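Two complexes come next, and they have one chain in common, chain A, joined by chain B in the first and chain C in the second.
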Partner chain A sequence: MQNIKHYRMFLWSILIYGLIFSGCTPEHRFIKKAVFKGTNRISITFAGPVDKKWAEDLKNYAIYEKPDPDILLTISSAKVTDDPCTVILHFEDELNQDKPHVLTLKEIISEGKSIGSAVITVKKLYLGYLFSILIGAMLIHNFVFTKYLGLCVFFGTSQKKSTAIGMGITFTLVMVFSAMMSWFLYQFVLKPFRLDFLQIVVFIGMVSLSVQAVDTILRKINPALFKAFGVYLVLVIANCIILAVPLILADNEYNAWESMMLAFGAGLGFLIALFLMSSVRERLEIAKVPPTYKGLPIAFVVAGLFALAFMGFSGMAIF
Partner chain B sequence: MAVTKKTNTQLLFNGILNENPIFRLALSMCPAVGISTSLMNGLLLGIAVLFVQVASSCTIAAIKGLIHPRIRIPTYTLTIATWVTVIDMVLAAYMPEAYKAMGIFVKLIVAFAIITMRLEMFAAKNPVIPSFWDALGMGLGFMFGMMTLGFVRELLGAGTLFGHEVLATRPLLFFILPMAGFFCVGFLMAVFNYMEIVFNRIRSRKG
Partner chain C sequence: MDPELINLAIEGLAVLGCIGLVFGIGLALAAHKFAVEINPKIEEVKEVLAGAQ
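Showing the complex of A and B:
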């Protein structure tokens, strides 16, 4: 038992370490960190004060975006800040911060002596990027209110709050599970063997399989939970979102962490939408609705109002 | 396991009017809200769904003797997925522009509840010929619903039909916006309900 605990701790620490440090490690001992500032600046922090004359000579810098090393970006100015350890590079054009930039510093001079050249990679903080994918899938591009997917199940299970929460949680669970499996299959089987055209068949098969798997596992491990959420499992297959997410993942070539975040965000977004809608529909039960609008028509109008409200998130960018 | 006694014409009109997938059964709402912004989109997605519905209904009706009851749902899903792959590739090859406008929805036909429901309720219990007519009716009903929505939204929102100018003005610009689909479906459902109420009132007065 003790062993298993240690093993788990070890796994988690590797995982967290990897997540935090995969983003921002400069590869030179004299450079502490290099980050994007605003839309067109990069700030470099050195371990000690650098020579001002060296730092402001633009010939000492060369920078390109990761996939194409032939296209060098033009730097308009380089300035040493009040703190002599920090240099800020200004660029003429806006930087595409989603891609890593490789920056070469020639013959760094600090306090009169040369430290040697350095090649460093400037990347956005990876955790922040993951978080922005999560929030994006959850609110900004909410699958129900801005992409109009999963509506059958959405209107079917939003009559009571308890049903809504049960459905939302079950859906999130299956969503993450099946999206990860579909991602794995797509990246390591379909793409290498050029079987892209089988996407739809494989993904829907994956969904049915994972629903069946979650059903079996839940029944064995936690019968109480199965009793509460088992009924919603069948409905999960009829939800378009569960198929849309793997298709989006395949189109955008996300990596494993990004895929998990998108799937998780999609599930949470669906949960939020269901909960909001069920709160309103419980109130609608006792409201005076014209007989022609009773039931679904008024629910659609309410969903339209929610969609209008969710438009307020559009165009928002985090990090 | 009741084999249907309805005639083929009755089956056909059952799907279009009595059990219209969009306005009466309220199934497959995602495309009805998402891409019914023009008459053309409605027509094209309607044709795609019609094809998938008819093809998979006939397939299942033909091989229903071979399917073990416990794995019937996965079998239905895979059959539909195969036919969706076919229509997806055909549309991508011959109508790239329309395909782009419909986006992810063509691939998502797999998850439309209406098709699986028809297979489970009808094709699994009936021979090929009635299944064909039932599927045709359902597909046409879906197409009719999508085209009604597309007609209303395009006419009121942009003043055009199939891209040709009909009205000189744009009476309700709001209807062309994506989320107006929710309002439009709600209003049209209410109109259908109203028609039903009026119809019943007239009939009870006569009776």
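Showing the complex of A and C:
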């Protein structure tokens, strides 16, 4: 028993370390790390001082983006910094940092002797990329306030804080569940059979299936939770965010982790939107609102103000 | 009609039909396994009550 536990922990730690360090693994014994700096620079750190004349000769470098090895990027200059172990490559154009870049260094010369050629991959930290998808879906491209999706359920369940939180949590759970199923179905059934034009129909079925499944299972396994959240489950089907997320996943060809992060971010974003809105609407109940604006009209005005505030996030990028 | 398109349509029908069948059976089994006994008296009492609201 104890052994199995250790074994599992070992596997988990390998997985986590793999994710964390997959962004900066050295692939050559003489190169310590190679990372993106700013928008158009790459900094390479060597294990020892390199020959200045070798390092500043542009013919010694070749770099391309991972998917197309034929298109070499043009390097405008290479400079050795004050620390003789670090070389900074400047590029004419901005680098697309979402894609891994393959960099070839020919016949590295250090302290008079040749070390040999090296091929290394420069890429962003993967966890950072996942995190940026999460924050992006949650705040920067908040589905309610910047894409105006799911408004029906949004106005329907944001009258009280307790309802809003219940709906938000239920929604997040079902969202992650159905997005993962849709991702699986899209990648392994629709794409191989060239049926991707039917994605909307299939995803609608998938959403209702997952709602029904969660409903059936939750009713038996945890009746207390079902009593609290069961009412909102049916409403989830009527929400278009839950359909938008699988379509975005399919369009962007996300992998499993990225899909999960997007779904989770969308759910949390909806929860945040509902919570903010319900807090305002609870206060509006006791405010003196002109009779023509009472109820939904003033709620729409408030939602518009929130959308304006969320525009402050637009165009931001993390990492 | 292009036979390739017809093939695609038939394949699509078969694949989606199979998926639907599998998930349908899955849901039915789940409903059977996780069935919750509801007291039949609740329905009876509801029938007898006026039910205006």
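The rule is short, and it goes like this: the second predicted complex is superposed on the first by the 302 of 319 C-alpha atoms of A that agree within 3 Å, B and C clash if a C-alpha of one lies under 4 Å from a C-alpha of the other, contacts with A are read in each partner's own complex, and residues count from 1 in each chain.
The working rule: a residue touches a chain if its C-beta (ideal position, glycine included) is under 8 Å from a C-beta of that chain, and two chains touch if they have at least 3 such contacts.
Treat the numbers as computed from the prediction; the structure is a model and nothing was measured.
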Which of chain B and chain C A:198 touches, first, second, both or neither: both
Partner chain in contact with A:189 - chain B first, chain C second, else both or neither: second
Partner chain(s) touched by A:219 [first = chain B, second = chain C, both, neither]: second
Partner chain(s) touched by A:293 [first = chain B, second = chain C, both, neither]: first
Touched partner set for A:303, first chain B, second chain C, both or neither: first
Partner chain in contact with A:256 - chain B first, chain C second, else both or neither: neither
Superposed model, chain A: greater residue contact from chain B or chain C: B
Chain B versus chain C as contact partner of A:316, first or second or both or neither: neither
Which superposed partner A:58 touches (first chain B, second chain C, both, neither): neither
On chain A, positions contacted by chain B and by chain C: 198, 205
Chain B contact footprint on chain A (complex, rising order): 145-152, 155, 197-201, 204-205, 208, 237-240, 242-244, 247-248, 290-294, 296-301, 303-304, 307-308, 311
Touching residues on chain A, where the partner in the complex is chain C: 185, 189, 193-195, 198, 202, 205, 209, 212-213, 216-217, 219-221, 223
Chain A-facing residues of chain B, complex: 26-30, 33-34, 73-74, 77-78, 81-82, 84-85, 88-89, 104, 107-108, 110-113, 116, 178-183, 185-187, 189-191, 193-194, 197
List of chain C residues in touch with chain A within their complex: 8, 11-12, 15-16, 19-20, 23, 27, 30-31, 34-36
